[in-house]
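Everything on this sheet refers to the single structure shown next.
Residue numbering begins at 1 within each chain, and the chains themselves are lettered A, B and C in the order written.
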């Protein structure tokens, strides 16, 4: 079968659109990937459902049984609802430098400003209100949805998608302290973004101070992420919204970083590292694995008691030592550290 | 009285503008809502002050005694300093699709791009540099201040205000892992924003994956908030800046969420929940109340000691057990968990 | 010597560009400021290196020995790679109010919207897609890189640089609760930004509610920072990315605030305060010093155990008290607080 999965039920089921299990109607296909929604299988009006072998027994509709139902659903949805192709041409309101090279199959939207020396590849779409700085190179099949800003010499790899408000190549935050003032350090590098990268809305990737900031192929960045100068993010890593990565840190390949994570500068994060949401990273990570410093909510009354206790932590050490002395118990590993 | 409060002092006091207690001059009206500024009452040069019954005794000027001085002040300020009304018409620099329906009383600013099938209601203001995607529906008296981006099929309810840099309806962060790579899951839904909503500068609200993301009436969103796909925020909830809400989470009505809060995906937060700033939420909340995981600063030397102690936490359990064994004290609730 | 440092090696060494130690080639000058890169001195192909007295012994190239190598490097780089000067004139695509006063030496880029009563100083550059609200005053030598939004009456001091996506003067987050709804409090102030300020990409600074929000001279703001209404930031303070400061808080001069710090409203932070990344500040700070509430990652398995222990904190107090009673040890400072 086309999607590498097993069809159970009527092979002539006609599917015209996708739907959620809860809101589906006849003619639509739904999917079940998150077990927390499994109970909805019993009541769905979908004509077919993409699901795993395990969940199949609860399903009463036609089904596509897949080892990876979410990916199978994604591929089916992309065929049923393909993105609009480029409409070749340059909107008359755009301002394009005379020496810019724009492929005839590319689409340049309203109020786009294209600087000198720019190159834009085949079938790429530069949506309304984008600013494309001097000497930018955009490969084929790229989509700048709208209002994306690319600084000088930024390169964007094939098939990458950048969402509105993204700013690629603004100055990094480089200032040298000098007698109580700050001397600006010129930010002279640029940003290289690989193929098949996605950059979310209002995400910022600063240019390098001297060398480039690099986002390797297949990286997925959610909204409102901040990437400092000279960061390198390894291939196929995914980062959730509101995370910030400070300058010169290197993230490995295939990492998964949760939302609102703060990562200090000049660190090395290994390949295949997972960091849970709202964690802070202040040292390098040399081994794959899951890392966390997330503290989750409690009722505020309880929380205040826990914090009060935490903030008396050192006194607990003293009390334990006093007790251990009185009782004659030894606690070798701790007595030198409190 | 017009604002439901009691006037004390000269009823002919002439008020032309608002001012803070500290910087007021004659002809202005100030207010006192936060008790931390009460000492300023003694020295203010305001001609009148809006305040509570409790604070009235410290006031030497004319006063409006209100049960809700902040709301009373807000209403007076809105009358003294009304927002500019719409100036009907379409700026000649705007690019508007031929089939867009724009009410003759609406105002379309410079460099606005309006897509096909759009509808814009009476007296609405679309400020400069806004991008209004295909089939967007904007109700009456809406104000897009400037540079707001609305994706396809977004709906904005009456009287809502969206600030510069807001991006409504960018793709949600949906990627299916597949053999070490990511398959993009088409983001096919849109965003429905109710009436009387406020959306802060550079805030992002992603479109739903299949169904819509929903912001109900009266919700107030501060700046730089990130709302993931298929989130639903209940009526009259208020969220402070820099907070992020992951996909498919539902927030109840009348919630108050502090700044820089991170909320995981697929959760249910009840009505009337308060979450303090900088907290992380990783499980659903079923009951109204105040919740927190905020840890506040200490001097760094002390903080490092507290953290060192925290990170030896498990050893404290072992030491306690050893002491309890030695002394013959029982601690039933803990001995199985350390 | 011109940069106040000592030259060692061939005084005729020809330098044409800057480079990193690792990627330098002949004709370039590199620098060493962070000791973690010192090992690269042995292998660099730079023709000269700026470094400290201490590091000089490891260097085999020509060198400039400086007491502040990073600042010295910054000044040299600015001479070798100066920013492009303004190209006087107004782009034909810009929309400029008839009564705006624009210095003839200023540069106004593509698709810029300039409102009535605006004043723009000598040699200032207003890049493409900027929105300059009514009555804005921009001093000399300012650079709005691109797509900066300035609300009404904002003032920008000389030589300040604002990066793409910055929004200065959007409404503060002011709503008065009133019977389960929110009444908007008109935001009537503006923003005053001093000289030599830098504002990062997608950073937002809200207008004051009545008086102005103030950013004093020499302040450096990184990307995606949120500054609430009526905040005042003292001269020469530097704030890293993703930090949020709530309304009416005052930050002293020469403070250094790390990334992703959350600061509550109505606080006073003294001069010369340092706050480490990812901290939360909920009370005022009256003395200079370093403050922190950063918790850094551990392997998730260990982290979960630490959190479980933390959340049983109160029971530790009870167990300690029971032990102290049994053993007859006194712990005066704690027994009344658990």
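The criterion applied here is as follows: a residue touches a chain if its C-beta (ideal position, glycine included) is under 8 Å from a C-beta of that chain, and two chains touch if they have at least 3 such contacts.
Computed from a prediction, not measured in an experiment: that's the story for all the values here.
K.L.:
Between copies subunit A and subunit C, what's the superposition rotation on C-alpha atoms, in steps of 5 degrees?
P.N.:
120
K.L.:
Between copies subunit A and subunit B, are the contact residues mostly the same numbers or mostly different, with half as the line?
P.N.:
The interface is built from different residue numbers on each side, given that under half of them are used by both copies.
K.L.:
In whole angstrom, how far does the Cα centroid of subunit A sit from the Cα centroid of subunit B?
P.N.:
24
K.L.:
Specify, in ascending order, the residues of subunit B that touch 2 or more different other chains.
P.N.:
Counting only residues that touch two or more other chains, subunit B contributes 93, 111, 129, 147, 165, 202, 224, 242, 260, 294-296, 298, 310, 316, 320, 323, 327.
K.L.:
Which residues, counting only subunit A, touch subunit B once they are in their complex?
P.N.:
18-20, 23, 33-34, 36, 68, 70-71, 73-75, 77-78, 81, 83, 91, 93, 109-111, 127-129, 145-147, 161, 163-165, 198, 200-202, 218, 220, 222-224, 236, 238, 240-242, 254, 259-260, 277-278, 294-301, 303-304, 307, 310-311, 313-314, 316-317, 320, 323-324, 327-329, 331, 333-334, 337-338
K.L.:
Along subunit C, where are the residues that touch subunit B in the complex?
P.N.:
93, 95, 111, 113, 129, 131, 133, 147, 149, 151, 165, 167, 170-171, 173-178, 180-186, 188, 202, 204, 206, 210-211, 224, 226, 228, 242, 244, 246, 260, 262, 264, 266, 274-276, 279-283, 285, 289-296, 298, 305-306, 308-310, 312, 315-316, 319-320, 322-323, 326-327
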